[in-house]
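After this come two complexes, each holding subunit A, first together with subunit B and then together with subunit C.
Moving on to the complex of A and B:
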């Protein structure tokens, strides 16, 4: 079996994802005020990054797909940023 | 399969799938922006709404989707090595997880309806403003996500049938590659829904 490594890697990433899930549930039970939502978002982003890089093999993709992902995320960030610029300072 | 009569552009097919997934990210992104804006406006009502949701159901469904995301990635690896039986079992497991996810979701929504928590219900109409927004967004977001689970499940069932009759194999895995990409997206959306809705304090 020449490729067993990558199967093992997928299972390892799954283990990490479960650990992060336990962490996000654990942290959410402690009252930290505004830090709760940022911790939740931080852990969710870490999990999504793991899924994208390893399960979806983004690491092995070409430049076109990587750049268009960045453009999508930048669009979303601009959308969120401009919305809150309006909502928070109204 | 790869006869000269049938032009097969695997790279193009994959790029097309990614572009579609980006549009999905923007679709759900809009719902998350709505959630963020109303969370900022009604923090107490959103926290109260979040406490009504079952952390147990949410956690079990998270584990189900994370596991099914791994099994579909493993199924693709198995197919690439022409281990068809293994690929079929892993796809079968993925489908089972998708089905269990939907069953859980059904129980969850059923319990909410029994507690008179649905858009326009008497309880929500009498609740302070903001509570109805939380549940409106909850049903819209988890409903749209659930629809994606159904579509992904049907897609993967069709792919399993194609693998069974050898229409997809290690030499032409594009359809499974793209089906798996879609399933991972469904997983990623849930990764954000779970802490934002179920774990709010």
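Moving on to the complex of A and C:
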């Protein structure tokens, strides 16, 4: 499959990913308690979204592919979420 | 003109016949025909089932009396571990989807093959490689694995037996399962014949579809978990070691996130088989088609969220126990919807008690006992009492053997004439069934009772007060094995000497019964246009 995004767009996304990486490192040095982990997970999710949408062309895929990926992510989030009923209340 | 004649011959010849283009073994083990791959699975799965049964018989023989009978404690540990690994990963998970799913799915939706035939062949090869590795763990090195099929840490990280090999074998088997799931999902979405709408899909296909999603979504988690065991064994990371900041319970979460949905990978296709057999032999359309479809999806979805009920006594938080107990009870609802719909289909029907129906009706009874005993385990308070006793073993075998394996035998008898073009001896089939249910209940009901009285599982010795029920269970295992042998002999005789039959001996209305028995290599000379539902029995073709 050819890369369909323009070079300018790809470089822009790359720059954004670098900025988000810097943000992850920066936030880890500030003490926010439990919010640290949420911030790190939030930034990681944003980065993964950018990679799948632009570098992996999800933005240009059909609906079935998008739904399949969302189902997978929702399942993973549910699995992880349910374990927190144990970990948080132990 | 010459080409036309050759094509005609092509569609008259059953898929079992050799083309003579390659040595006959290669024509099978490198075939991309879904029916041949399905049969390869059927033969290999049946072989591993026989090995699993032998291991089970040895376990029962050891337990016939208290104290050492035929093996010592270490060998006993290896026996139940291998029995579990072989039966779970080599027989019951691939059993119905990989064997009958492969053969019947394209036929039932009016396709010439699955979407990715070569990937399908790769799945079988991965299965065989995984199986050979699992069985090799019996020999050499530190001796057979002794962890139980659950490979619980920290023990599986420390034992010197061949756990790494067995774990890697299961890892490979997981890939086989994922690839089969992917293939089925794509096939059902893309290759349905004209007119085969979603509400005209046979319920077996729907059950394969729900199962395939669980295979694709849950099996990778097993893969990761197994890699983590290897990481613990080889690198000693301490991920599950509390002394080094790890969490021992995290292993149990990860393992059961896959392994409980795996129970539904095992039982959903079995339910699909029952939904095929009951309408045909009750001569009535299935009651509540859409409710059964919804319950398949419901079981697949809700069943993936209940893994914590394996961990009620592990030290997990009380909140988690409450949540997982509630979710477990929710799974009973779609399961009961199915049972009620099957019974409602039987109501007022002209019931024919041929062998497939005998197995289907037995499924209903045994699965119900298994399901209801499951509620005892799903309820946290009663689970504490019977956890890790023989009650759990009895419950599990009622669901898996009484449910899935009996449905597997039902499918075997139902589709045998289609696959091989020959009919088995009905009288002998009924005798085998009768012997099996006697042995089955003697074996596993004794286990339920001895478990309720407190006998722990996975112990090679027990107190004298458990002796009588254990002896009965062992007698039951012999009767059951005799029934299995009788069934196998009957089918093997039928392979050679069974009466030739036509396309539709059971007068069913699904598409596989519209083609010759055995079906031609490419299934359909012209792709069919579907104009009626799968259980519209008035539209069924002539026998």
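Remarks
In this text, the second predicted complex is superposed on the first by the 80 of 90 C-alpha atoms of A that agree within 3 Å, B and C clash if a C-alpha of one lies under 4 Å from a C-alpha of the other, contacts with A are read in each partner's own complex, and residues count from 1 in each chain.
The rule is simple: contacts are C-beta pairs under 8 Å (C-beta built on N, C-alpha and C of every residue); 3 or more make two chains touch, one makes a residue touch a chain.
Keep in mind the model is a prediction, meaning the values are calculated, not measured.
In the superposed model, A:56 lies in contact with subunit B only, and not with subunit C. Touch criterion met: A:72 reaches subunit B and subunit C at once.
Contacts of A:44 after superposition: subunit B is touched, whereas subunit C is not reached.
Legend: residue contacts after superposition of the two complexes on their common chain; A:90 is shown touching subunit C, with no touch to subunit B.
Applying the stated contact rule after C-alpha superposition, one finds that A:23 touches neither subunit B nor subunit C.
Of the residues of subunit A, those at positions 64, 72, 75, 79, 83, 87-88 touch subunit B in one of the two structures and subunit C in the other. Remark: subunit C residues 189, 213, 217, 221, 247, 249-250, 253, 257, 304-305, 308, 315-320, 323-324 touch subunit A in the complex.
On subunit B, the positions that touch subunit A within their shared complex are 11, 14-15, 18-19, 22, 25-26, 29-30, 33, 36-37, 39-41, 55, 59, 62-63, 66-67, 69-70, 73-74, 77, 80-81, 180-181, 184, 187-188, 191-192, 194-196, 199-201.
Touching subunit C in their complex are the following residues of subunit A: 64, 71-72, 75, 78-79, 82-83, 85-90. Residue ranges of subunit A in contact with subunit B, taken from their complex: 1, 3, 6-7, 10-11, 13-14, 17-18, 21, 24-25, 28-29, 31, 36-37, 40-41, 43-44, 47-48, 51-52, 54-56, 61-62, 64-65, 68-69, 72-73, 75-76, 79-80, 83-84, 87-88.
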